[in-house]
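I'd like to ask you about the structure that follows.
When the chains are written out, they are named A, B, C and D in that same order, and each has its own residue count from 1.
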Amino acid sequence: MSSRTYRSALETVMVEALENVPSTAIIGQGVTDHKGIFGTTLGLHDRYPGRVIETPLAEDSIAGICIGMGLNGVYPINTHIRADFGLLAFNQLINLAAKYKYMFGGLFEVPLMMRMVVGRSWGQGAQHSQSLQSLLSHIPGLAVVMPATPQSVLASYRYAISEHKGPIVMLEHRLLYELEFDDDEASPSHPIFGSRLDRLGSDVTVVATSIMVLEARRAADYLADFGISVEIIDLHSTSHYDKEMILTSVEKTGKLLVADTSWTFYGVAAEINRVIAEKNPRLLSLPSVSVGMAPAPCPTAKSLEDLYYPDVRVLVNEVAKLHNESDGHSVPLPDSESMVDFYKHFRGPF
Amino acid sequence: MSSRTYRSALETVMVEALENVPSTAIIGQGVTDHKGIFGTTLGLHDRYPGRVIETPLAEDSIAGICIGMGLNGVYPINTHIRADFGLLAFNQLINLAAKYKYMFGGLFEVPLMMRMVVGRSWGQGAQHSQSLQSLLSHIPGLAVVMPATPQSVLASYRYAISEHKGPIVMLEHRLLYELEFDDDEASPSHPIFGSRLDRLGSDVTVVATSIMVLEARRAADYLADFGISVEIIDLHSTSHYDKEMILTSVEKTGKLLVADTSWTFYGVAAEINRVIAEKNPRLLSLPSVSVGMAPAPCPTAKSLEDLYYPDVRVLVNEVAKLHNESDGHSVPLPDSESMVDFYKHFRGPF
Amino acid sequence: MSNRDELIIRSLRVRMVEEKIIDLYPSDLIQSPVHLSIGQETVAVGVCAALDDRDMLFPNYRGHAFYLARKAPLKEFFAELMGRKTGISKGKAGSMHLAAPDYGVMGASAVVASTISHAVGAALAERIKGKSDRVFVAVFGDGATEQGAFFESLNFCSIHGLPVLFLCEDNSLAVHTSLDDRQSFSLERLSDAFGIVFFNEEAGFDPVAVFETTSAALRHLRGGSGPALLRVKTMRYREHVGPGEDFDAGYRAERTVTQWKKKDPLLGDLSRFTAEIALIRDEIDQAVEFAIGSDFPGIEELLTDVL
Amino acid sequence: MSNRDELIIRSLRVRMVEEKIIDLYPSDLIQSPVHLSIGQETVAVGVCAALDDRDMLFPNYRGHAFYLARKAPLKEFFAELMGRKTGISKGKAGSMHLAAPDYGVMGASAVVASTISHAVGAALAERIKGKSDRVFVAVFGDGATEQGAFFESLNFCSIHGLPVLFLCEDNSLAVHTSLDDRQSFSLERLSDAFGIVFFNEEAGFDPVAVFETTSAALRHLRGGSGPALLRVKTMRYREHVGPGEDFDAGYRAERTVTQWKKKDPLLGDLSRFTAEIALIRDEIDQAVEFAIGSDFPGIEELLTDVL
């Protein structure tokens, strides 16, 4: 069985974008250098001169430049090696890009892609670790996608670049880059927006985003040995997820855990619980569980970071409690190997 | 019975801040001019020279300058006549101010206040109407307050300026400015953070923010004549609200409507439903109702704006349905006078 | 008609349109902030007369004059200001967000300085799509030059040598604050520091002077020697936003405006334009009538064009 | 000891500390990005030697040298880098966020250019609190000067005539991108456009030269004539982030670095410093030992100091 990495899927879609559509450009700090955005734009500068554009440190104006490009018929793919730096572009993203089509009654479309990498581990600290999906998904007019697998990357980036005519933000998780995924995971019906039923199960529904989908898989594999059947929904698009999929699953299981890469308050867990409560709160037979970053900025020390992020132990423990319908359960917790240690691939310096 | 306006309460706390604490400053575009931030900083420039500081158009660096002031012992009150412009300061607010105390292990505190005015009506349109509480409340380290009454202003601004040692964002609603409130509403126990039980009731819980508290009052008054008793919780601090108050109320009524000034997704309604679902989804006997701006940027045309914002009719209708436990009810809807027309005071040009 | 008279008539048309807005305002037919260009019309008219149809212009919230100077339709203009479905943007945009892409008027934003970078991006896109000698105009006020985005845009544009005309309408005010309280820099020396050619026009009241200086700047741009910055001194006669005058507010001397008005050709002898004025008046009346007779957008428009 | 030797020793101490970091890095005792100042130490040492203790300095993520040059404690430094509870910020900050307010080292941010405005704000606060001749130093790299926040800070600071030293550590690289690809402006002419006095030091390898140029800038600042901008040319020997060299990557010529190294006093004859070197080595060893022997912060620290 062949396999591919998340990084290589990103590279594939970047190459395709430039190769297939002459009016596509990649623009950002470091897109032309020998690291090439963690290997996803390597060598493209030479192959597509003039369309892979290095920039000064100027996130605000570069976002505006991308809007101007979009308005004049060139599809820009703008990179941020950390989503945190994207905050400098929030005026352009939220006040301009998200509003242009509506505000002008349909006179304009602003097709553009912003790739933002979510940092984690190796002491990224408070300013290199934020995952901004909730802020962006609150804004009508923006599409926000958090691909969890190479297949998600292939399907959603291809669609975004060739079909979607508005601004879209792709939140790519740094820890996913070097992971290998089986190629046969590819499903032709992979959704572009919407959500993906990652695994069918009957006991507990886990709605997860980005790398938390993989953690949910680890937990589900482990729990299967104890007779607990976990259904996993990969939320995929945090702004345009599949409401019905979630409601159907919760109706079946009655039990919900939401595992997100950001804070739980005003976050993905809040949103999913709103959707259920507006439909029928009694779909849930038990209190729902929200799992995310601890309610603090991200600490640099590894000892604290390991506590800061929820890991497979937390997921196993919480799902087992849900299944057992009590605060206790008989499932032994797996070894306390953190995600970072599990996915051996990530080690500094950046 | 004496009365006072929201605006005059803001003026009072601004004067007090400068008068009582020599190391307080007000800084922002227009703080020294003859409009004085809608009359809340009028004349202060002359009375406190050097401490009321006009600025260039430079929201990003002014936010950073405020952080620097806070780090060096001066409490800055930074104004934005529209919250939308605050997006230009998100890097400083979120990446720096919110993180400084934690990131440096307590070596620094960054006391500062950002006053952001939420625009509405008279064709504010998509870029002068946003209400950013959900984005800001997702970030640990920030305190976010939406005062709904002059009494809320007095209590929370005084506390923030004299006691709170971190960054706090005050979202002031433009339509509230000229409204008169009875002075005896002042309660000595008015919370600083936390929430405020605005009205005791037994049938339906309405959790509201900012001007939606007043709309909830209008709806509750109207519904009282039909024998429906509404409990109103003024959420007040969207970042540090009173969880127990909400849970206790919902436990009593079993019915919830959340009325917020922003979009419902990833918003206040989502957050409140998370809190309930994590405690016990079955506290709710019926689906909860979320009321907020329509899922679009704000249109300029008044005919669309009137549809865009929920009004007292929407609240009456939804609460009556909740009370009746069905999609119908026998309560006639009040006249379709929109909030803007009701609160006659607001008319352009700005 | 002489070029001068032609430009004066065009400027007059803009002024008459805005005077009509002032007339209408108390009726609440226009329920939105209006940032009038009265006193500044000659800038828009002089600049736009020098442009080609294919050039793209990125205006801001004080955008009536540029919209009209590019000959975008007047009926849809008034309908837009009155929030009607027949407005150029179906009433969703209003006065602050005028746009008419068919006339090279790109979207106006009410966030100061936020469309400057759009002009740079559009110019970059043009280069990627293949050579053309189209020019891109970023329009902004003197206050906008204080925003970081302005400097960043100058830097990027100059690095890439893109044909952008940075047009500063310098009325020396940002709302009520005068230049000295906001700026320590000289725009000319700044332009210089970025290697951007600087053009200056003090006689902003004179559409011919503006036309000629703009034409000089455009020759530079079309010659492929990179961006240019053009500062035109001008005078805002009315309050920052709204239809009134506010000389009693004390933030500026009425005398300064009075002196400027003495040089304003639109306030000179206009008797030779009687016929044209009558035509413009008719045109305006018809446009207003069209707008008033138009429907308001309804619920069917509330959620369209979001994504 | 001569002033020169004193400054060389201080610079050497910084280098030896960072060489220790390089030694330690493969052991994973330090699990965080490290932006080394190797090659640039003399800038921090020369500047800090010219400052008074009461002056405030706002560094960035490449902050080891400034932290050490201001004599902030070494044990807490290593403990911080190793994520220990005894670190100066309890391990929550790490290499990118060094701070030592008792030594006038304010918080370092890993968002480029984001603390420049803090220095301006601190200077403004000082004025509000009453006169003092304290000076505020904003430290940033050449890349940071491209951010809008830099220009905005220059403008505000110059309007108010605040005593801020804008210190640009110009290693001519932002990560792997060279100046020409990023900047169309001349820093000197830019400074000029803002009416800010410009100081330049090409010999960034020479701590005495840096000291003297800084002293000249400080005389200007303490004289109350407003801000100054000091650009010091310097050379980063190592990769942008991490302990290695990366000349094979091809983004710059190794030759440039080799030539610079010939002028580096820390690579000259150091035999006269044998005693001092031994002392520094001891100090470093003890600090590392202290750090290694320290506890990691535990759950009790996870949620403290949030609000």
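Assume a contact is a pair of C-beta atoms (placed from the backbone, for glycine too) under 8 Å apart; a residue touches a chain by one contact, two chains touch by 3 or more.
Values in this document were obtained by computation on a predicted structure and should not be read as measured data.
Note on connectivity: the fewest steps through touching chains from chain C to chain D is 1. Between chain A and chain D, the centres computed from C-alpha atoms are 35 Å apart. Rounded to whole angstrom units, the spacing between the C-alpha centres of chain B and chain D is 42. Averaged C-alpha coordinates put the centre of chain A at 31 Å from the centre of chain B.
Touching two or more other chains at once are residues 87, 90-93, 97, 109, 111, 146-149, 152, 155, 159, 181-183, 301, 306 of chain D. In chain B, the residues that touch at least two other chains are 55-56, 58, 60-61, 84, 88, 91, 95, 102-103, 125-127, 140-141, 295-297, 299.
With chains as nodes and touching pairs as edges, the resulting graph is complete, every pair of chains being joined. Within the complex, the chain D residues that touch chain A are 25, 28, 31-34, 83-84, 87, 90-97, 109-113, 143-144, 146-148, 174-177, 181-183, 239, 241-243, 249-251, 296-299, 301-303, 306.
Touching chain B in their complex are the following residues of chain D: 56, 58, 87-93, 97, 99-101, 106-107, 109, 111, 114-129, 148-149, 152-153, 155-156, 159, 301, 304-307. Every residue of chain B that touches chain C in the complex is listed here, in rising order: 29-30, 32-35, 54-58, 60-61, 84-85, 88, 122-128, 294-297, 299-304, 307-308, 347-350. Of all the residues in chain B, the ones that touch chain A in their complex are 60, 84, 87-88, 90-91, 94-95, 98-99, 102-103, 125-127, 130, 134-135, 137-141, 256, 262-267, 269-271, 273-274, 276-284, 286-290, 295-297, 299.
Touching chain C in their complex are the following residues of chain D: 146-152, 154-155, 158-159, 181-186, 189-190, 192-196.
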